[in-house]
Each structure stands twice: as C-alpha cells, then as structure tokens.
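What follows is subunit A paired twice: with subunit B in the first complex and subunit C in the second.
What follows is the complex of A and B.
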C-alpha cells in the first residue's frame, strides 16, 4: 500500500496517508526504543545477563536506545502530528501528501541504517550526536528539510488569516531544529576538538530538547486539549509569553551542562540564570492548558486522550522544577553524573513529552483512519502500564541518583555504591519493562483499530463515540 | 499598525487597530479551535516575578568570581611557621591555615573575600604548588597586586579581565563584583520583559472577550 502511494500522483493519495504512515512508524519505534531500554536496564540490574558478545554490551546498546526514542518515536510522532494538525488548523489540506510519505519512508530507512551502524560501533563518539556524518546528512536533507518545507508550505497555503499557536511552534521549531542539528554536528563535520567539541556536543543535546522536543510537545497540547474538550484555549496572550520565553530562555543555557568544564565563567553564570528562567515558559504553558480544562475535568477520568495529555502537562511541573534548579551549581555538584539526571531525562522524554505525543497519535490515527478505537479497555491498560512503569522508573532512579551523589561526596568506595543501588536498578528494569509491555498492547490496539474499528460517521469525531456501543 | 501611548499598561493599540483585531479574531476558527483573550492570573504574574528574582539570587554567590592569589597569601605567609610545622597531618595544617587566613580576610575592607575563600578551599598539596609563585609575585613588586592574579589549577596568572585604564596607563585587572554573567543577564531579562509587555499590550485589552458565536 505504501509503495503504491510513493509512486502515485499527489492528487491520488488520500488525505491522511502520511499521518497514518508516520503514526504507525512512531509506535513501532517506541516499541523498539523501550524494548532496548528494557534490555539495557536488565543488563544493569543483572550483570550476568547476556554477556560475552561485544555487540550486546551496554556501550553498544545504550545510544541505540536513546536515538531510537528521540529520532524514531518522539520525532516521528511530531511529524505525524504536523501532518494532520497543521492543515487542520489552517482549514486546508496538507501541501503534499507525497512529500510527507517520502519523508516518512526516508526517515525509516535512514534511521534504521544509522542505528544499525551505530550498533555495530560506527559512531561519532559524541553523546546524543552519536550518528556518523553521512547519516546526519540523510537526516538533515532527507528528513528535516522536506518536513519543514511541507509544514511551512501548508501554513503558507492556509485559508485563515491568523495562525493558531500550535502552528507558530511547529513552524519555528522546525527552523530551530535545522540550526541546532547543523551547528550541533559541525564538530564532526569540521573536525573541531577539545572544549569547542564538548560545548557544541552539549549545545546540541540541550537545544534538541529545549527547542524541539519540549516545545513541539507543548504545541501538540495546545491542539489536543481544546479540540477534545471543546473549550477555547484559555489565552492567546499567555501563548505569546510561552512562545517567546522558550526562544529567549531555552536557547541560552547550554553551558549549564558543563559547569565543571573550563568554559568562561560568565558563560556558565549566564547559562545558570537562564536555566532557572526556563520556569517562565513552563508556568505559562501549564497555566494555559490547565485553565483551558476548566469545566471539563471529568474528561481526565473518562477520556483516554485527555488522560494522557493532562498527565503529560502535569509532569511538566516537576520536570521544570527539577530542570530549573538542578543546573544551579549549588545542586549540580551533588547530582551531576548520577542517576538523578537519568531520571530527569526520562521525566522529560518518557514523561512530559511522550504522554502528550501518545494522546496525539491516538487521536490522529482514529481521525485519519475514520475508525473508532478498537478497545478502550486496552487503551486504559496502556495508560496505566505506562504511567505506573514510568513512575517506578523515575522514583527508583531519583533515589539511586541521590545515593550515588552521597557516595561521590562522602567518598564511599564505588563498589559499595553499586551494591546500595542494586534494588533500584531492578525497580528500573521492572518500570521500563512495564512501559514496553504497554506499548506492545498499544500497537495491537491501533492495528485492530485500523482493521476492525467501527467506521466513524461523517461529521463525528472518533473520541465522541468512545462510550457508544 | 496604529499605536497609542496614553495608557500603556491598558493597551498600546489605537481603537481602530483593536477593532480590526477583534473582528478578525471573531470571524475565524482554526480547525474548529479558537483562543480566549484572558490575562495571566495575578498569582502567576507574581510567581514569574519571584522566578526572576530567584534566578538571580540563587546564582549570585558564584557569579564568575575566580579565586585570586590574595585569598591564599595569608596562608603562604604562615605555612613555614613553627605553629604549622608542629602539626603532623596535611589536613590539620590546612585547617589551621584556613582559619588564620579567614581571620585576616574578615578584617579587610573587601567583604567578598571570606566568602570567596569559603567557596574555593585549597588542600596542602596545592598550596605548596602555588606558594612559590605567590611569593615571587609579591617579591617582584610589579604594577599589579595579588588581587589581580587568578589561581587556575596549579598556576597563578594575571587575570584576563580588562577594566578601566589606571592613572599609570595600565588596565584594571581586578574583577568587579558585578562582572561576568550578571550584567548580561540583567540586560537580557530586562529586554525580554520589555518586549513581552509590548507584545501583550499590542493585543486587544484582556477585558475584551471575543464573541466566537459567528465564527467559521
């Protein structure tokens, strides 16, 4: 089916095809990413698990897990939402379904190749920018550029005079991720070394989160919450505050990841202040969404998409409280290099961001397939497995991080710290495996929705029919 | 683009501009969605002010203040004294020297110095490495005093800060308390707040609620 449409004329491709392809791809990569996470966690919990094969060593597997989640699950879920939200918000259709399909195709091929090579050991050696430069170029020019062109052209061809806030974020974030990706990879492309390489590596790592993952996830919530509740977005002007505060305060604190490095002191101090000010866009975003929920809080219990969305928004509160303060030197000296940071990173990617994207993928796939969700019970099972699994992971790694911090400060012998952490590593594996299991159920549910879901009548939304038998 | 400035905290747009914006606002929905024109609730406005204040206060003590040779000079002076020689372990020696140095620094005019020493403690081995350099600088009687030299690892070097010209034609090398990060941030945040006030006040006043009943 996909290959047929890849070669078809744009006019002959049914609207929503690119959305559906991206949607299922993202779920598939979520399963790959969380499956690898569960495998890696098992290696930390049970050191004798799968030994003797170099390719299955933690050092080969860890970065494949990270990039499968960031570039596979999260970014493809973003592309999926852009494929249906951008045209919907402009009262128009996607500029090019065919370009969208080709983007999805190249993305899957390029990422598969990149991760396979990474697994084999072909790496730039820089955390989060691990892929080798030929793969970087494929992602830049085969994925991010066509995605940007499609989104911008759709916005340019909109049938509304104004542009809704979600599309501000989509348009701006794609531009910013171009810059972040190209500048971030420049260390490898131009063979930069030393402190410059270190700074550029974490400039990329920080900004791919701050100017891509977090704001696009927020943009999704600006669509899903008003759409599903039927309420207007609480405030256009708070949206301005959120958008511009992201630009001002999220783009500047990269060096707070390197407080112990010999970077100029003014740069680190500047970054540290800006790091706390990340709370400003967070306050604006959370307030705007939670106030939009006014009068519709019962949906938090009843509606699975709202359940995921609001959970994601609520997780933005601890995420930004942690993020704002853990990067100050007073706290960073204790938690730096410990499991606390791992817990925080999962709070951002698996917590806040993923919950918002899961909701959007549920909603978008039902809309584009024009089919009612196959099983609400399985969707609720998915929600509870992911939230409980995530909480087990987050809490256990936070505790493990505090133990590691204490061990570091009080110079406790390393092996004693390892022993003390062991129960939390097992808890981490259990939590991660629950998330993985929930995602397997999700894929089954969405597949069955596509195959056997009740057809949604014209003029109705799939989620409106959730409780109708 | 009609502007007016008679009541800037109410709106910066003239009546025609506001009317046009509200008219457009009320005429279209975006994929069935529309936006309210509510203000940020007062408690959250104060919370943002508190965040800005906190951001500065929580990072204040470490703003780019590197340790200077001046901090360790009292220790260098005493490290060969009989009182220190009588102490047996390096930990005892450095604890004694730190206490004495703190007393000296607290008696000086610059109130930053005790805090700086507190944030930049030194061990006996490192003190032995920098001591000859500090003695040499002090003995040379050059144009710059010990307060103009930074301790970077095991090196004592002239600070790379370049301030105002002194009467002797050389540039000031002592870092002022407001230097590094602090000033940039103050300007950056001030510009941001100003820009956001302009952006928000160019919108129709928050008391005007768009009627979306006729929107399509």
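What follows is the complex of A and C.
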C-alpha cells in the first residue's frame, strides 16, 4: 500500500495515510527498541548470556537500543501525531500527504541503515549523537526538514483564527530540534575533542530531551486529554506559560550534566539554577492537564487512552522533582554516574513521554483507520504490562543507583557493589521484558484493528464506540 | 449512575501508578537528605536512630522514605478521586 502511494499524486492519496504509516512504524521501532533493551538488560543480569561474539557485546548494543527508542519510537510517534493533530487543529488537511509518506519512508530507511552501521561499530563515539555524519545528514535533510515544512505549511494553511497550544509546540519544537541537531552534530565537523566535545555532546543530549522529547509529548497531551474527555483545556494561558517557560529555562547551557568536569564554575551554577526553574513549566503542564480532567475522572478507570495519558502526566511529577533537584550540586554529588540516572532517563522516555505517545497512537490509528479498537482487553493487558514493567524497572534501578552512590561515596570495594546490585539487575531485566511483551501484544492488537476492526460510522469517534458494551 | 471511582475500581491504579509517583518524589527527598546530612563517615550515617547506611543490603534512610512517600501519594490520589467520583455521580444524576 505504501509503495503504491509513494509514486501517486498527492490528491490521490487518502488523508491519514502518512499517519497510519508513521503509527505502525513507531510501534515497530518501539518493539525493536524495547527488545534490544531487554536483551541488553539480560546481559547485565546474566554476564554469561551471549558471550564470545563482539557484535553482541554490550558496547555494540547499548547505543542501538537508545537511538532506536529516541529516533525510532518516540520521534516517529511524534511525527505520527503531527500528521493528524496539526491538520485537525487547523480545521484543514495535511499540507502534503505525499511528503509525509516520503518522510516516513526515508526515516525508516535512514534509521535502519544508521543503526545497522552503529551496530557494526561505525560511530561518532558521542553518547546520544552516536551516528556518523552521513547518517546525520539523512536525518536532518530527509527527515527533520521535510517534517518541519509539512507541519509549518499545514499551520500556515489553517482555517482557524488562532493557533492552539499543541500546534505552537509542534511548530516551535521542530525548529528547535533543527538547531539542536545541527549544532549538536557539528562537533564532528569541527573536529572538537576533549572538554569541548564532551560539553557539546551533553548540550545536544540535554536539549534533544528538553526541546524535543518532553515538550512534544506534553503538546500531545494538550490535544488528547481535551479531545477524549470532551472538556476544553483548563487554561490556554497556562499552556503558554508552559511553552515560554520551557523556552526560557530548558534551553540552558546544559553544563549541569557535567558538574564534575573542569567547565567554568559560573556556567555550571547558571545551568543548575535554571534546572530547578524547570519546575515552573512542569507544574504548569501537570496542573493544566489534571484540571482539564475535571468531571471526567471516571474515564481514568474506563478509557484506555485516558489511562495511558493520565499515567504519563502523573509520572511527570516525580520526573521533574528528580530532574529539578538531582542536577543540583548537593544531590548530583551522590547520584552522578549511577543507575539512578538510568532510572531517571527511563522515567522520562519510557514513563512520562511514552505513555503520552502510546495514547495518541492508539487514538490516531483508530481515527485514521476509521476502525474500532479490535480488543479492549488486549489494550488493557498492554497498559498493565507496560506500567508494571516500567515500575519494576524504575524502582529497581533507582535502588541500584542509590547503592552505587553509597558505594562510591563511602569507598566500598567495587566488587561488593557489583554483587549487591545483582538482584536489581535481574529485576530490571524482568521489567524491561514485560514492556517488550506488552508492545508485541499492542502491535497485534493494532494490526487486527486495521484488518478486522469494526468500521466506525461517519460522525462518530472510534474511541466512543470502543467502550460501548 | 453510581460512583465509578470506588476503591475497588481504583485499587490497581493506586497501587502501581500512584504509588510509583509518590516513590519518585520520596526518592528525591531521601537523596537530598542523604546528600545534605550523610557526608560524615560511613559508620555514622544511617538516618536518625537507624543503622549506618549499608550499600550491600540497602538498609538505611531512603528505603522507608520512598515507601512512606508512595503510600502518602496513593492516599492523596485515592481521596481526590473518591471525591471526584462523588461529584461526577451527583452531576450525572442531577444533570448540572
């Protein structure tokens, strides 16, 4: 179906095709990403698991997992939501369905190639910006540029007077990720080494999280929660506060990631203070969404998309409490370089962000396919496997991190710390595998929805029917 | 219409997502206190009236801090949702 439409004229492509392609691609990459995560966790829990082959060593596999999740699952789910939310909020059609399809196609090809090369060992050697520069160019000009053009042109051709907060975020975040990506990858171009390379690496890592992953996830919630509950957003103005506070406080020098590096002290302090101020947009976002739920809280136990969304919003609370304070010198002293940080990263990407995207992918696929969800029971199974798996993962890694922190500060022999952590590594593997299993069920459920789901009549929403007994 | 937000309906939501959120907040509080006060030698820090923090068994201050925060947040969410359920039931029955 996809290849047929790639060569078709734009007007011959049914609306929603790009959404559907991006939606299924994102679920596919979520499975790849969590599968690799589960594999890597098994290697940490059971050191004798798959040894002797260099390609399956942790050092070859770890960054493939990270980038499959960030560039495959999360970013493609973002593109998927942009493909249907931006036109819906502008009361118009997507500017170019064909460009959307080509973006999805190039994205899948470029990412597959990039991750394959990364797996073989072709790497820039910088965490989070590991891909080599030719692949960076594909991502920049084959993915991010066409995505931006499509979203901005759709906003420009809107038939509404204002721009709803979700589209504000979408439009701005794509622009910001262009800048972040170009500057972040330039270390390779300018042959930066040592401290400057390390600093630029974490400037990129910080801002790709702060100006792309978390704000776009929040923008999605600004759409899904009002749409599903039927309530208007509690306050558009608080949404703007959230937006501008993100711009002001999150785009920090990022040096709070490198507090023990020989960077200028004022730079670290400045970044640290702004890091605490991130609580402002965080509280604005959480309060705005939870107040939007007013009068519709029963949907929290009845509606699977709301269940995912609200859980994601709730997880933003500990995420920002941790994030705001763990980067202060006092706490960073204790938790830096431990599993705590790994737990926190998963709280951001697998907890807050992924839960919001999963809800939007469920909703968007049903809407665009015009099909009722195949199985609510499987969707609930998915929810519980992902949340329980995530909790096991997050709690075990937080505890493991605190053990490492204590071991580090009190100079406990390293091997004792390794032994003490073993049970938590096994728990981590179990949690990650549960998430992976839940996602397999999700793909099956969505495939069956596309193939066998009851057709939704005109004028109705798929999610309304999904819960009719 | 009945109150859909009963403790029975909410049980798993409270036990897992809500409890985790509280534990997350507790982790920050616990780590902050440990960092602020626990800079003494290993033997002397375990929190008030507790054994010294032992990395190999994870006994000390933060383990129960996280559990208490988790419990507290679950109670807060339970109370809030129960109240919401009553209001939503009232609205559905009276139509306001």
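Note that the second predicted complex is superposed on the first by the 467 of 469 C-alpha atoms of A that agree within 3 Å, B and C clash if a C-alpha of one lies under 4 Å from a C-alpha of the other, contacts with A are read in each partner's own complex, and residues count from 1 in each chain.
Everything below uses one rule, namely that a contact is a pair of C-beta atoms (placed from the backbone, for glycine too) under 8 Å apart; a residue touches a chain by one contact, two chains touch by 3 or more.
Just so it is clear, the model here is predicted, and its values are computed rather than measured.
Asks: Quick check on the subunit A-based superposition: subunit B and subunit C, clash or fit?
Replies: Subunit B/subunit C on subunit A - fit side by side.
Asks: Given the overlay on chain A, how many degrees, to the nearest 10, lie between subunit B and subunit C at the CA centre of subunit A?
Replies: With subunit A as the vertex, subunit B and subunit C sit 70 degrees apart.
Asks: Can A:287 be said to touch subunit B (first), subunit C (second), both, or neither?
Replies: After superposing on A, A:287 lies in contact with subunit B but is clear of subunit C.
Asks: Touching A:223 in the superposition: subunit B (first), subunit C (second), both, neither?
Replies: first
Asks: Quick one: is A:326 in contact with subunit B, with subunit C, with both, or with neither? Answer first, second, both or neither.
Replies: Touch status of A:326: second partner only.
Asks: Looking at the overlay, does A:269 come into contact with subunit B only (first), subunit C only (second), both, or neither?
Replies: first
Asks: Could you tell me if A:5 is touching subunit B, subunit C, both of them or neither one (first, second, both, neither)?
Replies: After superposing on A, A:5 lies clear of both subunit B and subunit C.
Asks: For A:236 in the superposed arrangement: first (subunit B), second (subunit C), both or neither?
Replies: first
Asks: Can you report the least C-alpha distance between subunit B and subunit C in the superposed arrangement, rounded to whole Å?
Replies: 10
Asks: If you lay the two complexes on top of each other, which residues of subunit A touch subunit B in one and subunit C in the other?
Replies: 325, 330.
Asks: Quick check: in the complex, which residue numbers of subunit A touch subunit C?
Replies: Those in contact with subunit C are residues 294-298, 300-302, 307, 311, 314-315, 317-319, 321-322, 325-326, 330-331, 333-335, 340, 347, 384, 387-388, 391, 394-395, 398-399, 402-407, 409-410, 412, 416-417, 419-420.
Asks: Mind listing the subunit A positions that touch subunit B in their complex?
Replies: Subunit A reaches subunit B through residues 85, 88-91, 160-165, 223, 226-227, 232-241, 244-245, 248-249, 252, 264-270, 272-277, 279-280, 283-284, 287, 291, 324-325, 328-330.
Asks: Residue numbers of subunit C touching subunit A in their complex, please.
Replies: 4-5, 9-10, 12-13, 16-18, 20-25, 27-28, 31-32, 34-36, 38-39, 42, 53-58, 60, 62-63, 66, 81, 84-85, 87-88, 91
Asks: Per the contact definition, I'd like the list of subunit B residues that touch subunit A in the complex.
Replies: Contacts found on subunit B: 24-25, 28, 30-41, 44, 47-48, 51-52, 54-56, 58-59, 62-66, 179-182, 184-185, 188-189, 192, 195-196, 199-200, 203, 206, 212.
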